[in-house]
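What follows is one structure encoded as structure tokens, with my remarks underneath.
The letters A, B and C name the chains in turn, as written, and every chain counts its residues from 1.
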Amino acid sequence: MTAPLPLAAGAPVIPDFGRGSSCVRDNGAFCWGWVGDHWGDTLRPALLQHLALTGIAVGIGFVLAFLLALAAHRRGRLTTPVVLVTGLLYTIPSLALFQLLVPFTGLSRTTAEVALVSYTLLILFRNTLAGLAGVPEEVRDAARGMGLTQRQVLWSVELPLALPAIVAGLRIATVTVISLATVAVFVVNEGLGAPIYAGLQQTFKTELIAAGALCVALALAADGLLVLLQRALTPWTRVARSR
Amino acid sequence: MNDFLDAFRFIGDDVGLLWSLTLDHLALSGAAVGIALVLAIPLGVTLGHLHRGSFAAINVSNVGRALPSLALISIGVAVLGIGFVNVMVALVVLAFPLMLTNAYVAVDGVDADAVEAARGMGMKPREVLWKVELPLALPLIFAGIRTAVVYVIATATLAAVAGAHSLGDIIVDQATYRLPGVLGAAICVAVLALLAELLFAGLQRAVTPRALRSEERSAPLSVLGDLDSERTAST
Amino acid sequence: MKQGTLRTILALVVALALTTGLAACGGGNGGGSTTAGTQAATTQPGKGKPPVTLGTKNFTEQFVLGQLYKQALEAQGYTVALKQNIGSTEIADKALRSGQIDLYPEYVGIFNTAVAGDTKAYPNVQTAFTAGQAYARRHGYTLLPLTPFTDVDALAVKPDYARAHNLSSVADLAAIRGLKLGAPPEFRQRQTGLVGLARVYGIRGVDFAPLTIGLQYQALDNGKIDTADVFTTDGQLQSGRYVVLTDPKNVFGFQNVTPIVSTKVLRAEGPAFARTLDAVSRKLTTRAMQQMNAAVAIDKQNPADVARKYLQANGLT
């Protein structure tokens, strides 16, 4: 047990691992061949992990911010403390926040998600609340006048009118999280930050450029999709366009 | 928890190192903000004054916000190599859209009645810009600068992976400084960002004409700030 | 928009958020891809055993070793979560001590000097291992048997630089003033680094350039540094473009790999666990490791693929 193990009878078999193209072996600036060969084993899993990280963070952040906004809409006094706390979290640089959480939640997805969720809270809270507050008082009065309860006013009048602001907040939050989730690599080796960080540790930069470009594309696509979602949910805003 | 106590001890023991890296951090951030300012504000103000180029001016910030800072710095390293200048260029690219959009929206959105009145009084376009539009637009322009400053300070933390010096040097080098060191530097960076935010929030308030300070919004909501000054999270 | 539709959409969003939230909590630590071997094994000693978290440090050989051990264990039915690229030795050790990982591939010499703080010079790898094992056992860990291959730090220079300064061993570097040396930041404090070089060879006044592991060859090529800290099984050394200086006084120590495992976990996983890891270790010769490292570093292959091919070729999956 204390000596190096003897080799198995005969030297081990060393298979052919596949020779890289000349672009790859010479550390060329960008090798499309590599991207094609390694889409399935490196880039796509990272992309899917990134989507998961983002989706969970925005989902949880939205639920929390929504509940907080509803509460603050009822009780105005809650607004300032919530804005202060979420604003404080928002200002802390992500690399710092990730590391500050590590002693508590470890090198895990939980740490990444807690930090990412905290970055969504200010935007989602602020936009939802401002959207609700932006509903003209006359509309509310009219609804109440028609006999709707406060709850019905909220769900069938205020929230639909607040939708543009809410979705605008979702847009900003989603794109922000997609960007920050790359920094999560310093805590958990997942998401598009992983190939980017791996790329920083090599001379060969194709992996880094490909993952970086994917990240930008993802953010733009998400932003575009949410714009379409907003248009679909609020057909009436399309008619009244001043400029 | 022990690590946190050790973190404060680290801050106490290594004040010299932390101070020197803070200065590096501020130098990098300041240079980037300065350059972006000089490029973005005049352009945004001009476009807003002429009411031209709204599509580009507004959407450039959407694209800018979508640029993941780590990815941008990394691609910068791949293309330009490591060092102060290269990271600064990346930071300028990140700060520019924010300031441009805010400057444009600020000047473009100045109350049309005020501009009409000024023209009616016989002011030339340039006078209108300097005497009416700019003073009214200053708060929002400053909001853009403030957002950009905090954003750049936060992103400069990542400069460590690209060969430029900042407080991030300690945060990414746990091998040398151990977890308490990393936590200590993280606390310093957070405090730095918060101080910058408070400073510029104060400056923004100072340039806001008293008449505009409370506006039509109800008191609690004014804490939310202007929805148009779309903020970008600190990286 | 009808009240009902809006309600439904919002309810769905809330439900989706809550479900993903629960999934996140349930998922806990991130796991790697599950590429279990497809060979039908009639005995699956790992089935039913608690899941294990394997960590790797921040360079190519570690990525390969991590995949080798992970896939071999999974072929035996164990559930393995891989935490790749955690950081340097100091960080990996901290992760092990705090329970965030259960095992990682360690180098026996580095374990003694950097983790156990033991600067004694051992005459051979067996005595180094015994000393390391004693320390590990005292702290609740076990060092598993060593691999045949050894991967030592070394200082490499370009051939013309070696000719110009008449260099063949590390001792010759002591004569050079203001030597520009590139190495990962932890090299500065290590016995198997600047500290040992100063103490044993008298190499002082070094212009130290901290570098990420993986970028040292480029820095050497560009002339940014005179000499780089490299690993003897690096794929890049196969090209013959670099001269590796010898280490006659063995400052860099003996560095065979030994998987370090928490003793509690070792007991919980049963005897077949260590046997599976040993079966892999046994097959790792210096040449095999060099080829695998080269496949990843030069041909840019994926460590998981390289490990899979190697295990299959040697009947370990």
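One rule holds for everything that comes next: a residue touches a chain if its C-beta (ideal position, glycine included) is under 8 Å from a C-beta of that chain, and two chains touch if they have at least 3 such contacts.
Quantities reported herein were computed from a predicted structural model and do not represent experimental measurements.
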{"item": "A-B or B-C - the one linked by more C-beta pairs in contact", "value": "A-B"}
{"item": "Farthest-lying chain, centroid of Cα atoms versus that of chain B", "value": "C"}
{"item": "Centroid spacing, where centroids are CA-atom means, of chain A and chain C in whole angstrom", "value": "31"}
{"item": "Whole-Å separation of chain centres (CA-atom averages), chain B against chain C", "value": "40"}
{"item": "Chain A and chain B: spacing of chain centres that average the CA atoms, whole Å", "value": "21"}
{"item": "Contacts with 2+ other chains: residues of chain C", "value": "none"}
{"item": "For chain B, residues contacting two or more additional chains", "value": "179"}
{"item": "In chain A, residues with contacts to at least two other chains", "value": "197, 200"}
{"item": "In the complex with chain C, residue positions of chain A that touch it", "value": "1-8, 11-20, 24-25, 34, 38, 41-42, 45, 49, 55-56, 59-60, 62-63, 66, 106-110, 113, 152, 155-156, 159-160, 188-190, 194, 197-198, 200-204, 206-207, 233-235"}
{"item": "Residues of chain B defined as touching chain A within the complex", "value": "1, 3-4, 54, 62-63, 65-72, 74-75, 77-78, 150, 153-155, 157-158, 161, 168, 171-172, 179, 182-183, 185-187, 189-190, 193-194, 197, 218, 220-221, 223-225, 227, 230-235"}
{"item": "In the complex, chain A residues that touch chain B", "value": "29, 76-77, 79-80, 83, 88, 90-97, 99-100, 102-103, 119, 122-123, 126-127, 129-130, 133, 165, 168, 172, 175-176, 178-180, 182-183, 185-186, 192-193, 196-197, 199-200, 205, 208-209, 211-213, 215-216, 219-220, 223, 243"}
{"item": "Residues on chain C engaged by chain A in the complex (per definition of touch)", "value": "1, 3, 6-7, 9-10, 13-14, 16-18, 20-21, 23-25, 27-30, 33, 58-59, 83-86, 95, 98, 100, 125-126, 129-130, 133, 145-148, 212-215, 217-218, 256, 278, 281-285, 287-288, 291-292, 295, 297-302, 304-306, 309-310, 312-314"}
{"item": "Parts of chain C lying in touch with chain B, wherever the complex brings them together", "value": "87-91, 94, 184-186, 188-189, 210"}
